[in-house]
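Following: one structure in structure tokens, then a few remarks.
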């Protein structure tokens, strides 16, 4: 791994799903990067492809299929990596926290066990024996597992689960939602990852817990230098946490750039729409549904700008023509057929 | 947990009461006067009216039916299931003598079923739509449609007659157990395979499977540890409820393989119209069945920690 | 083949041939609860217990545990007990043991009272005159007493015998070693047997009720198999190592009519049914020739059989229909009772097939029959209760006397059908006859009366089969399979 | 919230779509097979031999002799021989031109017996299933609709019936009533209605709880009408599935009980009875036992396949004892 390359580099990612009704183009050529120690947010409405993008990065896009593009993590292309490399990557580099903590922990195993497993994988991703993991006596090192469980308790402490010692035997259903999400975080941290992908980690939680958890993620980022790719529909979260933001719409990156700039000065009509329907008084939970119209159903390759049907600036060309990428100042860019709407220098159109 | 068992036990007592009334009624309302049958058997003569009257009075057969029921229940609770019309051996003894053989068959059949169905169900789910899946689906369809009384004979012809691998009949040794257990287990295997397959398919879609994969766990561990344990929950219920199936099937299989278990005893008693034996057996079987269903409920709660402590979430 | 015999499933003994042990497959469950009087194991075939008298192959009564017997009075008989007979527990056989055994027998089996005419227990049916002499008292004059008690159930046993423990203490050539209920009984040679030590150290009697299973077991599990099904005979014979032996027995497969219930109380209907059935067809087809068309209730092999003097009821549907028309039959459904259990050496399947043939034949003369299958005890109960119209039996005794069939039509018991006073007196005359000649004459007359009245529908005289491994020696045929001697049974190496 | 984002959700959608399409290609063929089998069974049941009804003498008198003693509903005979007629000379005849499936131990033509046997199996199935269905539905509706102690009592009775393993109860009931086809039908119906009662009751209860029902009640719509307009459509799916699978079970159970000697009595050409008679000829005349064996399996298979695909189509949640063959 060389320092001048980004930690994660997604280039022209396309992820499809085959269905009866046709091919669903969930991600249509998304490109972005995440640098070491950076927090990057992906924002978009439901169905914008942001979760699929995140899942593709850790190669859990099934039953979807990455049809083109590359995802380079620490310089390795994970789209072509074999099982073994993937295991190593997941065990020792990239971790993910999912949205709904009620369904992401296995209900029949103790939380400590699920964290301990992660520790075990991290220790040696290449040697995983089924009987060992099933704790079948002669094939399983009891003291090692006991040790892992102790470290799991430490991790539970670290992510802020109260009284972890008493919870060593607890099952997921005995945890509150916030505690489960912290447990997920602990499972992620167990692998000491360089990159944490957090897919709407706070959506299902109530407001105070959300704040605590985000605080925790920020601390981890600062203390451990762990990069974070945060998927959210909540611009407030983006504003609080992220260094850079990527606006995704119908599987395409509409606009990207540093959070500071973009929140003050959104250029793309879609980003503007997002921001407009986010008055300070709106609670974080609110959905980005205030823009008229609905997210397209993503079936078929589509042509033109996917946002065109909802865009107040849309002209005929937007619906049919190619969508160029337009470079903006401060390293930002946006995709739009009408650079003038972006207030951009026409020369920066790619 | 204990409160739950207690509550179930109370409702079970009611069911058992109903069961006992039914089985009692079964004998009271059958044709034929037990006094006459027993006396004829004892003396080899058609008894006189007087002898019948005496016998009835002596054995309380003229008491009001509720009184007879209470007497019978009192005996049953003491473990006395009555006396056969034709044999001197108490019904309880006859049942105990035959019980082991049926229990052995039942356990072996369940083992056979698990050995076949667990790999078949899991592989079928993991390779949905592929050849092994089709094979196991077809196999289980045949398995549930194949009459045991025919399958038994086919197995005898193939494995006993042509291959000479197992004895044709009898009981006692492991070799004599194989074919009956396979016959009886096949149907259960088919049921479990189908259930395990669909249960695995459901579970493999669950988000925690994604979590497990995202940890970097091997697919084998994901499937056999994380998915399997969850898929097992509905399966355990069904396996437990197959106890009734086992008892049903034991009758057929014991007849086919000439095994002297409870099933053969029941058929013999039915053809002998020896109703005290039928009554005792039905009662014992119903009690076993009800209790086993309770045990399944308890086991179910044990496997699924979500409902382990919070009582009857159903 | 011989080497594997009997150790199948134990896995203990090596293959390759030892004549230490012979396995015999039986069609009847010798371990049923029914046999508790005899230590839990049937006295038939096992040769653990022995009767006072034996039946020879030509129905002669032979001395056995009793060396001599004499009718001392109209009602009393004196038996002299053999000397130097030892029980399996080492005690010497004395008259008291006989008394004990007979008393238990009468207590346990009430029908013993008329099968053997023992006096009631209160009237001392049996007493010891001294250590070697026993006196029996019968209820009535009964010339056939000695032949009658030549029966395995009239067995002499030591009081230690206990049915609940599978413990029979007898005097036979074999002693009981081990019983697995409904599975098998193992017996070991009794070295001190009065008739000399038996040839083979151990016999195993396997209970395999299902005839097909039993005949298949001849492949590797059995050395001797009783009653292979007729359908298997051909395939057994195709095996060079197996011999199938046939023996005409004294038993007759027949249908008894209920004479006391309409419409079978009408002799014309009974005659019609006799004419409806073709004995020859049954023997030729179902039995594949292994049987003999019967004419009367007593088999031709028995010394007083009326076979030669009985006109057969030929199959004649025309006159059968005429008889039905003449009879009181008005379309009722006749109940034909059959047992689904092995009777004597008859496989249950046989009775079902025969019942179907009779039903079919009856159909053709316009008589409707309903077949009812029961287990043996319920079957006999129906017969005693006179419930039903027809009862299918494989008739015959297991003793030296074949006269049971007469009892069933003698009105002295309320479980029997009455064929009229004349028949009663003829039978009584035979039973009390001083000479064999007189006895035979009366019995033949009785058989003729039975057939004239068509009290029964005889089908065929039974031939029983045994499948025997060719290396087995010393198994001599006997018209009563229960009297086959096992003492000389041995296996050639 | 954004469940549509998740691949898991996609998977679910996919399962409903292309994998079903894949499956339906395979299954349609199976379905077709099932229908062909059932059609063949029905044809041989109806046309194996003529169907004649005996007219009660009262009716004959009333019609002034216009009605004959018997009325022929169906005059055709497809069966090559009479299924009951014995022909001892031709017994144990292997399959041949004259006897396509051979003859049994009494020389009866097995093909003819098999065809007439289809009539027995199907009619027993139809009768038992309809009786169970009618009783069960009536009890379920009344129980769910009245609620209270009636419901409580009915459900306790159901519990008690279900406390016995089904086939054993049927076996004992048939044994006590005496072996016959009619008694088997009674025995199977005694056990069978409970399934229907449970399903129907559950459906009635859930309909009763819905808001629109309360609203309709307020508006004065009578409850029986509510039940008939809302419950029946709701319950029809599960009941049809149950009935189809129940057909399979009843056919198997009838054969099983007859095999044990508690059902059809000889010479009735019932499949289970035929099979049990063939057991002694397994090696020498394999066709006697195996032909009815195949027939039973094929018939049961057809109804199982049909029930399965109906389940996929109508209501995937129905699980019942009929998942299996109940020990037979």
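What to note about this one:
The first chain written gets the first letter, and so on, giving A, B, C and D; residue counts start at 1 in each chain.
The criterion applied here is as follows: contacts are C-beta pairs under 8 Å (C-beta built on N, C-alpha and C of every residue); 3 or more make two chains touch, one makes a residue touch a chain.
Keep in mind that this is a model prediction, so the values were computed, not measured.
A comparison of the C-D and B-D interfaces places the larger number of contacting C-beta pairs at B-D. Central chain by Cα centroid: B, whose mean Cα position is closest to the mean of all protein Cα atoms. Centre-to-centre, using mean CA coordinates, subunit C is 46 Å away from subunit D. The centroid of the Cα atoms in subunit A and the matching centroid in subunit D are 55 Å apart. Distance between chain centres (mean CA atoms), subunit B to subunit D: 23 Å. If you average the Cα atoms of subunit A and of subunit B, the two centres end up 52 Å apart.
Contact with two or more other chains is made by residues 210, 216, 340, 373 of subunit C. Residue positions 6, 11, 261, 279, 282-283 of subunit D each touch two or more of the other chains. Within subunit A, the positions touching two or more other chains are listed as 55, 60. Of all residues in subunit C, those touching subunit B in their complex are 8-10, 33-34, 36, 109-111, 113-114, 180-183, 206, 208-210, 213, 216-217, 219-221, 340, 373-378, 381, 384-386, 413-415. In the complex of the two chains, the subunit B residues touching subunit A come out as 206-208, 210-221, 224-226, 229-230, 233, 303-306.
Within the complex, the subunit D residues that touch subunit C are 84-86, 88-89, 91-92, 105-107, 178-179, 261, 265-267, 277, 279-285.
Per the touch definition, subunit B reaches subunit D in the complex via residues 11, 14-16, 18-19, 22, 26, 30, 128-129, 134, 141-142, 144-150, 153-154, 156-157, 161, 184, 187-188, 190-191, 194-195, 201, 205-207, 210, 238, 241-252, 255, 266-267, 270-271, 275, 278, 282, 285-286, 289-290.
Looking at the complex, you find that subunit D touches subunit B at residues 6, 8, 11-12, 15, 19, 22-23, 26, 156-157, 159-160, 163-169, 171-172, 175-176, 248, 252, 255-256, 259-262, 272, 275-276, 279, 282-283, 286, 289-290, 293, 296-297, 300-301, 304-305, 308, 321, 323-328.
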